[in-house]
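Structures for review follow.
Both complexes below contain chain A, partnered by chain B and then by chain C.
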Partner chain A sequence: MAKPRVATTSLAGCFGCHMSLLDIDERILQLIELVDFDKSPIDDFKNFTGRCAVGLIEGGCCNEENVAVLRDFRAHCDVLISVGDCAIMGGIPALRNTIPLEECYREAYLEGPTVHNPAGRIPNDPELPLLLNKVYPCHEVVKVDYHLPGCPPLADTLWQALVALLNNQPLELPYELVKYD
Partner chain B sequence: MSQKIELTIDGREISAVPGQTILSAAEEAGVYIPRLCHLKGLTPHGSCRICTVLVNGRPQSACTQPVAPGMLVENDTPKVNGLRRNLLDMLFVEGNHFCMFCEKSGNCELQALAYRFGITAPKYPYMFPQRTLDASHPDILIERNRCILCGRCVRASQELDGKHAFDFIGRGAHKRLHVNAEARLADTDAAVEDRAVAACPVGSLLRKRVGYALPVGRRAYDHQPIGSEISAAAPQG
Partner chain C sequence: MKRVVIEPVTRVEGHGKVTILLDAQGCVQQARLHIVEFRGFERFVQGRPFWEVPVLVQRLCGICPVSHHLAAAKAMDRIVGGEKLTPTAEKIRRLMHYGQFFQSHALHFFHLCSPDLLFGFDADPATRNVVGVAGRYPDLAVQGVMMRKYGQEIILRTAGKKIHGTGAIPGGVNKNLSLTERDELLKDLEKNLVWSRKAVHIAKEYTVAHLEELTPFGSFDSNHLSIVRADGALELYDGNLRAITPGGDKIFDQVDCQNYFGYLREEVRSWSYMKFPFIKALGPADGWYRVGPLARLNTCDFIDTPEAEAARREFTAVTKGRPNNITMAYHWARMIELLHAIEKIAELLHDPDLQGTDLTVSGERRGETVGIIEAPRGTLIHHYRVDAQDQVTMANLIVSTTHNNEPMNRAVQRVAEQFLSGNEITEGLLNRVEVAIRAYDPCLSCATHALGRMPLVVELRDAAGHLIDQRGRGVSAAALAAADALRPAAP
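Right, the complex of A and B next:
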């Protein structure tokens, strides 16, 4: 029987949540017995090869590409999980949400104390994904089934959640595994 | 001599004295009623409504409602806890609570209540309000992004410190914590040892240069849900 497939991605995140997944240590060997990875930085598959049982999303949506990837995940995954505070509430990238976008650009490319940009140009190549007006948590863009908070979530949190879902058990985390920091 | 008043909380008979609130009577009987704006020793405020219980079927704030004979109080039930969850969700989205870099994380009562209720994400859209910070005082910081307007600092300053360092101004979504000086906290008589500073349940009023004094794993709510000490003191049998 084919193993269930798991996909992961980092949207506006720092890869800390993926690091936490690697932090399950030798249990990673058990994990690859249980599942095959599909689209994920772990195997560097760029596109989905088929239907996935679980999609893990790190990071929120700060640009149009994040939104496209997130929608792609929703379309391909039976269960979608927001992993970490960035995916759940925008996290550190959302600190820009109380500052107008124009001011962010000006500070980043023109007026910041370490900026050297004599031409005064703000990057606008069509290759660059368009920034959204603010950073959105994933569940404000698509339906998300579960949230694993933390910055990043503990490795045990990720492990217990995956094991529960892959065994069709209800996802109930003990008190000590629900943490926001 | 004061007479005893008998009432029932979640099917358990408890006795109280006249004039006592439901919250304090419950606490004496070892029943924890979640609370946020209430702090023992301060006049009840009744503003956060986290302590909401159903009294004979009607919602009441337990920290302000006096006991009466024969009351049937529902506290730890799915319905009441659902109401509290919604209130907590609202407190999170109405402020800017970035727990990942908050010094109060692990010792924060708002966060601890969310942990207690198993909240993994609020159900309402985040508002990301524009708030200000006052770092003018040499020893104390006001981080309004995290202020939940509980008024504990306001009351503690007045009632315990004999000062009037803090107050609220504005209404509704524009209500905010202010100081009793023209502009800045530094211009008030607030001092770092004031009870008002320690009264803040969240990371809004902070002592400077203390930071992350307790390592992860040793903070107040790392292992036991908030309120555990109250229910642990319940009489056995």
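Right, the complex of A and C next:
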């Protein structure tokens, strides 16, 4: 029987959730016995190669590209999991939601103490994806099946959730594994 | 004009894409690495209490959170007037930092880059990843995983958490290392020392064996920047700034970090959210430089741990003592630092100061402060102003990968010209562009903390295609018009 496929992506996140997944350490070798990896920043599949059983999403949506990637994940994955506080509620990137964006770009590109910008340029190239007016959690954009909280969720949390899901078992996480920091 | 896009760039951390424009003859006209994400830390950190910052800024980057944690903590030490930490506090922080170097360098080499080196740049993308390595070279894959684990364990014991810890606080640390914790860490030390020596050996053998093809690969002469110790030794936690020319002459030396802004500037370009730093005195055209393992080995005079110093000598012998400007030599330099980190870890674990109980200091309060550290990817600068209400009023961050923006773009351009011009463009040739980017171990998520693009009206639709939001809040018509005016005309 073919192994179930798993895809992962990082949207507006810090990669900490991916790092926490790697913190399952030696169990990575068990994981690759259990599943095949599809599109993910840790391999070279830039596009989906087939239908996936599970998609893990790190980070929320801060630009149009994030939205497109997230929709693509929804379309290709049977089960979609929001991993970490950024995916679930925008996380730290959502701190910008209360600030007019003009102020953010002024700070970064015009006013910082080391900025050199005689032409008063703001990055604004067609190759750069449009920014959303605020940072959105994933479930406001597509249907999300599960949420794993934490910043990042502990490696054990990710491991137990994945193993339960892939074996069609109910997931009962002990209290210590459900954290929000 | 033909446009080739590599999107997303994979096996690096964060979001980037490469565009290459070819003319009718198939020659490369332009090649760029675009950093496509933005976040906006510099602005939204304003108004937060200063003591929160060392924990908050780690969320810039989950790959080297300790670097941001410590750079911010070093800055905040000065806010509370406690520059000179207690020996226990400084050594706990150093241990945390070397643990971080160890895990980050191991992760980069074994998990992200080894597939290119082991299978070749043209290998099938389906096997060109850590899973492929685990299949063909299980011992090596296991070592990589265990080394990263060891670094993470050190971070856990010193920072309280493997990712986004809270160990460093303004003026010191909030815990020491208990004897039980120390003994736990000592158990695996020897094994990791052996593996680190082996990693240096692999990187050296690879580089020397392929020297002829690697020397021109994405390479060019550049200036180099890092901090160094007062005596010129390699220094990763606390030193002064030094910059050298491609030939090794000093541009400036022993510059106090508090004065960094007298020496560095960052240019804004329209096609990347990441700015382009340069040495002020040399100007934007000539003042760009490289940071990170290669730059550090070039700027320092020696390494103060014996095995890494011996390895450094072998490294400099290749270029006859002159600075090494070979992009692919980053890997070898990185493994020498990995060995240095584990030697330092060994030294520290045997130091009784780690069990001290004097954890914090404070003194006369200050309003402005700079914290600079060498992160695994290079020099990391945090600069803050804090008001009398404890709130941050200004933050300027120049992160490691940002310093390497110009060099990464040059490497992309070089490789594109070398391999894509006039050729049929294959997957393997495109991977070469990524190989050059990966040499820098860019942390694109760090680099995109800054925000740039004008907010435009965006529609959000749910899975069924219903419009759930359409907004352009916070955008004035004048600002929109200004942004449009700045957007270059389509080619």
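Convention: the second predicted complex is superposed on the first by the 180 of 181 C-alpha atoms of A that agree within 3 Å, B and C clash if a C-alpha of one lies under 4 Å from a C-alpha of the other, contacts with A are read in each partner's own complex, and residues count from 1 in each chain.
By definition in this document, contacts are C-beta pairs under 8 Å (C-beta built on N, C-alpha and C of every residue); 3 or more make two chains touch, one makes a residue touch a chain.
Since this is a predicted model, take the numbers as computed values, not measurements.
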| item | value |
| --- | --- |
| Touched partner set for A:L95, first chain B, second chain C, both or neither | both |
| Touching partner for A:K134 - first (chain B), second (chain C), both, neither | both |
| Dominant toucher of chain A (residue count), chain B or chain C | C |
| Overlapping contact positions on chain A, where the chain C interface meets the chain B interface | 91-92, 95, 98, 134, 140, 151, 181 |
| Residues of chain B touching chain A in the complex | 92, 96-102, 105-106, 111, 114-116, 118-122, 125-126, 128-131, 216, 222-225 |
| Touch list for chain A against partner chain C, complex | 10, 12-20, 22-23, 25-26, 28-29, 32, 37, 40-46, 61-65, 67, 71, 74, 91-93, 95-96, 98-105, 107-109, 112-117, 121-134, 136, 140-143, 151-152, 155, 181 |
| Complex interface listing, chain C residues touching chain A | 6-8, 10-15, 17, 19, 32, 34, 36-40, 42-44, 46, 56, 58-63, 65, 107, 111-112, 125-126, 128-131, 134, 138, 141-142, 145-146, 148-149, 152, 161-164, 261, 264-273, 275, 277-278, 284, 383, 394, 396, 398, 431, 443, 445, 450-458, 460-463, 468-469, 471-476, 479, 483, 486-488, 490 |
| Contacting residues of chain A [partner chain B, same complex] | 82, 85, 88-92, 94-95, 97-98, 134, 137, 139-140, 144, 146-149, 151, 173, 175-176, 178-181 |
